[in-house]
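Same chain, two partners: subunit A is paired with subunit B first, then with subunit C.
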Partner chain A sequence: MSDTFDALVIGAGPNGLAAAAYLAQAGLRVAVLEAEAAAGGGCANNLALGDLAVPVGAQTLYALDPRVVKDLKLVRRGLKFAARDLAQIGLRSDGKPLALGRDAYAAARSIAPYSQRDAERFVVFRRELFAFARVMRAMWWEDGETESQDELRRLAVTGAAAFLDAAFESEAMKAIFAFDAMAGGLSPAAAGTSLLFAWRAAQEMCGLQGAVAIPRVGMAALAEALSAAAGAACVEIRTNSPVARLLLSGDAVAGVALASGEEIPARLVLSNLSRRETLLNLAPADATGFATAKRLGRAPEVGEAKLVLALKAVPGFAAIQPAGRFVIAERLESCIGAHGEARAGRLPGELALEAVVPTMFDPSLAPPGVHILSVLVRPLPVSPEEGWPRLASRLIENVLVLLERHAPGLYANIVGLNFVAPKPSRDPFDVSHMLAPWRARISTPIGGLFLCGEAAEPVPALSCCAARIAAAIAVAHLKGEVR
Partner chain B sequence: MRYDACIIGAGADGLAAAATLAARGLKVAVVERDSRPGGRCVTREFHPGFRASPYVDELAPIPADIFWSLDLARRGALLAPASSSLPQAADSLRCPIVERVLADAATSAKRSLFASRAPHAPWPGEEFSARTLLEVLGESSAASTERAHLLASVLDGRVCDPALAGSALQLLAGTRGGMAAGGLGRLGEALRGAAEEAGAEITCGLEATDIKRKARRVAGVGLADGSEIAARAVISTLDLKRTFLSLFSWSELPRALVDRVGAFRPVPGTARLLVALEAPPDPRAGMDASTLRGPIHVASDAVALDDAYRAWRRSAVPERPPTMLRLVSAVDPSLAPDGAATLTVTLGAIPHTPFDGAWTHEKRDRLRDTALAAVETVWPGVAKRVLGLELIVPPDVEHLLGVSGGDLTGGELAADQMLGFRPFADCRGSRTPVEGLYLAGPSSALGPLATCAAGVAAARAVMADFAAGRLK
Partner chain C sequence: MTGLRATPFHGRVAEANKLNLWENWGGFTLASGDPGEALAARFGAVVVDISWHWRVSIRGERAGEFVSRLLTRDASRLRPGEALKALWLNDAGGVRGSGTMARMGAESFMLVSTAEDFGWIADAAALYGVAVRDVTAEEGVLTLLGPAAGKVLAAAGLEVDLGPLALRKFFWRGLDVMLSRLGDGFELWCKPDDALIVWDRIFKAGRGFALCPAGQRALDILDLENGAMQPGRDFAPARDGFSLEPSPQSLGLSGLVDRDHIFNGRAGTVGPEKVLAGILFDSETPAPQTVLLRNGFAVGHTLGSLVSPALRRAIALAVLDADAAAPGTALTAAGAACRTCALPFLPSPGSP
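Up next is the complex of A and B:
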């Protein structure tokens, strides 16, 4: 225990592990401090579901940084994919499902019953969006200045609702995209939300632009591969070590104090927690200015919840080809209305959700005959008036009724169920995050303290991109000090 | 007979453009579909002896240099001082924007007409496009009822969700120019005087039906009686959709332009009730003469505003729409006979067409009762003094004034339709992708910010292009 460390990483989630691995590769002695008994954070299987356990966090991967996969040799360390390119499938109550896969012509055929014009437009829409997104990658993938583009400036003021209204005429097409436009608790009507489409299209998974993937053996495979990478770089991972506070000397960080009372000195601390948690809970009260503290004190109003079901039989809609993620959102307008209700602290009357059945792609995730249905529900109030424990039962009931409508018989097949309420500790997200330089998202008012988790990403999603860039910035910071 | 410029629409912008061009010695024709000029600057009798400006009581401010250069004061346009008290941040921003557009209109003639005029330097006020109205107002007031009141006076009958990013732009468009003494009609008359005195020819009662082109360049305006006005430049003061979608055959225009214009979003949402009262309402405690001169927002709270907004989004008529009362005859006694009073009620969040079908007599009566009930809460007993009423819903505005969707703002004041993006990024300000056609009116960059300024900007663009030899 007398080891001295150059850098400490708070939280052994995927981002923390990736940041630690990068720091260690740069030659620093690094320890990761994890409050739980096991590493993995949101990717670890620690949500009980009947006899099974599933991860609390992300249900699909659509933004994992390909450079992290390569640099940390994650594929060799066990990150394989059960599904590389999930189609986006809109389940409709007014007609056949809308299946938007990589095959543009098949997608156009499935759109045609809703609108012939939209079918033609979709092909152009995707090509143009993908081409623009490729230009924008520099801004979202690397730390540095990017010149402002006219198209970027236009999207940065255009709401997703206006963007979709201009692009498509059918409700089916607008609604299927509206779900993605509510990422981070935004309303599709808010200025700049159309940039979310460009950001999503700019991501690369398994060598495919804008793809959605599911890892083999589940999300835990990612956590394990990252743990292995960190271990190989001689990172020390300390579990059961909750951090109580940061130690400061002057306005720079000097280490952390654990809940056990142990103090660990270090000149660099990278936090995988949100900005709010890091600066409000861990830093001394006077470390941030009053105005910053006041701004940080604001909790997000709208978030998303996760509902996981274990089923005796695969739900009816799983038969749709190509296989994909299922989006239930009836109308764009109702998504905007639902956001308003969620903001007012109420359970929206009409919900939007995304469901995946990971066992369709990897049966080994559950015993034979059991299927897992993982559902992401948006938009929901983060701190409802009546409190989450009471609201949860109503929400679950509403979600099950909605699912039953699209997959008759589903209700009778449920053998296990668990629910994760929206997290109030998250940072409020707004469009300016997507346009801010990396440095602004990563640095904090405290010298040597950096954010490396979801809070530092342009859009809250599992990406590890922030971890990679935060590690580089932290190393440069340390070297600059030495010199 | 060939004119230098033909102006479609004799509203404030059209008349200001005509006066500016004619004063420079250009030959100018103005065509107006209504039987008299003025556009929304009209005052008419809605009940024997009672007059009111049917569409709005107050206009956005007229920039001072334009007001003086058109010599409006001598012509009888006197503006009562702005009556509401709001945070002044927006006012200090509006002027630089107006100046910037006016300067742009004059200088960009150096560049090619068809060059993309996408915004490069940020516009003044652009930081508002990322902020919410609540955030901006919250800094000046914490109490929620007070904030709801502020919100109502900023929105002034327009509709928006104040918690969404971009809604802060509503501050820039607050109508704060003051009421014209003698009604807005007096201002319309003054502008007409300025235009005619300078030598512009105004033809009323004749609608422009199409813009004629020869060799891809504007050649004139076709009129409803089949005649044609030949002109080297055309300034349209109609809104964007009317200009491009009804004055051209779509096949003549680039497909992308038609799509872009088609996607431009009007937001109808205001209804008006003009009320003739046999006697002014009894004064109430806490209401002195100066209160009566200003707008009275019927006590609303944040919840009521939110409910009204959501009802409007569903195309339902809200139960408690944001309501603003104005005893216009208290400011201008000429609007009502002696001893009587004229009251206007502005109702916000009123859908263009209710979800269950067009406005019927029953629906109109219900809306009228809603408005009168709101008046009753301020002045009990007023309903017994009502002599006559006129209700104007968005389709009436669309029909009478000829604006798409009956939206007087000329298009939603969303971040992607404001400032450098109005009407859209590669066609902003006055020049348009059609050579020789200039856009003034509500959908141009200045439309919602100032009165007359968009017309003057278009006129300056025309003059600059004449000087540069672009218009033949």
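Up next is the complex of A and C:
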């Protein structure tokens, strides 16, 4: 035991690396403890796909905190983008695809065949949503208050379905937003889910508001850039070091014990895991608080799964211009029903899909002639009655049928396939989470223990914003400042 | 709807309840009685049936760890036969309950309170694998109050050299009983089937001491005169896992909180302190849960309020700002003149 650290970070995912880099920049001695053999978490290429390996987690970047990119000099450390602004393309069985790109007037032309009125409305809809979202950044990017309290109060009780019903008349325009409306396992009918659109619109990628980007060399590039930033700040990254439990002294954290039995003392611990995993699995049962432990005992009911395919040929819909991410959802209303079925533990009859083909933008991700199709599927039961291994085969079948309908011949071109089931370790998400102050999402009942991962974000997504703010709160805590 | 339950002493209580006035607390029907019975407790001795008090037994290997975390004072340091008064708080520091924890054995405790909170205790105990059981209906409990209470028990053949907050089991002429001093007087615990025998033995022994039965009103008056606060009666406890109110400091109960001890909700036990004080009214009109004004500005509010037959005026418990708590401060409550006084209003009837 020669090393002593001021702060430990559990999990070397992007958020953990970012938090560690910020803590080290503040002058602390920091170690990151990673259970796996390599850093990167959900961004590392850990999922086998035939001869390839792809990341388990996010397939696009739409919420990466621009301040983290700047502070940690991620662009200089290798984070370049293969696609900066993916259009949102709705694949329809009742007409031509709907392409909503940055050019609002081009988007309006694509909407016009479905509804002339929606085409006119869309321009205003986006302008107003973006304007409101910019005001909300004071609350979602920083530890502050928004000025737009009246609009916030209105949206905080408005469900996504009601919000879209008020804005658009055509089913196609409502359905194209259905996938985004189910972020975090929420139903589009649930009160306040309209804020999910505002949150997405508040994000900025490559200087563009509400953009969706794909990094060059894949998501692993982000993990590598963050690793480099942490390394440059003298953070020690220990791989193959799963944390077994937290060490407490009184009601404050005193370090961690590794599965190997080694005990590492530290006054600060930042966890990249979910609140449930951190407090139920790592902390002693009582330190969490009796009511909190009971609340955390409830697992999320609805989540999302990821399906990755390796294809011999690019799928038919990839030819649509402008290039983008493909949303397959026929009707918003049926997504509400599907959410109910998923909650009941059954495989929904209708699904909402978001598909991207990263090799369209960066052919170096796969050998020549091979394309990767990455698909997120919502809403799905987290703990289905029949269990995931059995349900997965039925789900994959359904998804492939759906994809085949929009890209004939896709089935015959599959050379590799893998599947990631919904994670039960995730925290149940609800709208109140988006409205809570950062401090409430980041701090825990245990002094010196903070969350820095997706669980602390307003909406579960790859952002690193929580890591930046958690590091600031943790440093203030260490200095004894009341924040 | 299960209806009200009768206590094990109900047969005798019903005979003794001459006014035929009843109250219900904790799902039990109990005699209300006459306020004058509180005076009897100050001169002789009275017996009150308190079998309705909520009692929960806590047993298990980690029972000590559990009670230590549960309560605002460290009950795991008690030796068998000792007890302490403490609060239990929700996660945010709101007071969920107040009661007495007694250690019955190495791995066995008993919590006694006037307000039930079984769900909370059971959920928390599950985290420790500790068994908790509501034993309210499994015992009859009588309390003996008054200067002659000890003499009555001695005459009945029970040894009474028991310190405050202590309890001891006896084999009493064929009956298993327990004697304790958790409140103002003595409590005698017995099996429900023995209840009527116990009642009769006590009254036989008390004949020479003018022992009389008393109801819940007398007990409430004595409690209030003694400055004791009860959840449910004097304040509404937090019924949620995360509500901040009422905090111990807002109830002036910081004396029951050991700040060096680690317990559930400890983070919420900081903040502006209120002072628990007595309020003496000039009239005989009680004013429970009323805002107290000094020169037109609110300085606190009353909790429980009753007419004290010994003081011949209405009294109230109140939580006040520290600067208004000095005895003699003139206040008004709903237009009635009153003043602050130190607690207790009167010494406990049991004290020598």
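Criterion: the second predicted complex is superposed on the first by the 475 of 483 C-alpha atoms of A that agree within 3 Å, B and C clash if a C-alpha of one lies under 4 Å from a C-alpha of the other, contacts with A are read in each partner's own complex, and residues count from 1 in each chain.
In the analysis below, contacts are C-beta pairs under 8 Å (C-beta built on N, C-alpha and C of every residue); 3 or more make two chains touch, one makes a residue touch a chain.
In this text the structure is predicted, and so the values were computed from the model without any measurement.
Superposition of the two complexes onto subunit A shows subunit B and subunit C fitting side by side, with no clash. An angle of 60 degrees, to the nearest 10, separates subunit B from subunit C at the C-alpha centre of subunit A in the overlay.
In the superposition on chain A, contact is made by A:Thr292 with subunit C only, not with subunit B. Touch criterion not met for A:Cys234: it reaches neither subunit B nor subunit C.
Touch counts on subunit A: comparing subunit C and subunit B, the chain ahead is B. In the superposition on chain A, A:Ala138 makes contact with neither subunit B nor subunit C. In the superposition on chain A, contact of A:Ala162 is made with subunit B only, not with subunit C. Contacts of A:Asp251 after superposition: subunit C is touched, whereas subunit B is not reached. When the shared chain is aligned, subunit C comes close enough to touch A:Pro445, but subunit B does not.
Shared-chain residue A:Gly192: touches subunit B; no touch with subunit C. In the superposition on chain A, A:Ile336 makes contact with subunit B only, while subunit C stays out of contact range.
When the two structures are aligned on their common chain, the gap between the nearest CA atoms of subunit B and subunit C comes to 10 Å.
In the superposition on chain A, none of the residues of subunit A is touched both by subunit B in one structure and by subunit C in the other. Contacts from subunit A toward subunit C in the complex involve residues 250-251, 285-286, 289-295, 445.
Across the complex, subunit B meets subunit A through its residues 116, 118-119, 129-130, 161, 163-166, 259-260, 263, 265, 306, 309-310, 313-314, 414-416, 421, 425.
For subunit A in complex with subunit B, the residues that touch the partner chain are 150, 153-154, 156-159, 162, 165-166, 187, 189-192, 333, 336-337, 340, 343-344, 430-432.
Of all residues in subunit C, only 65-66, 69-70, 90-91, 120, 123-124, 127-128, 240-242, 262, 264-267 touch subunit A in the complex they form.
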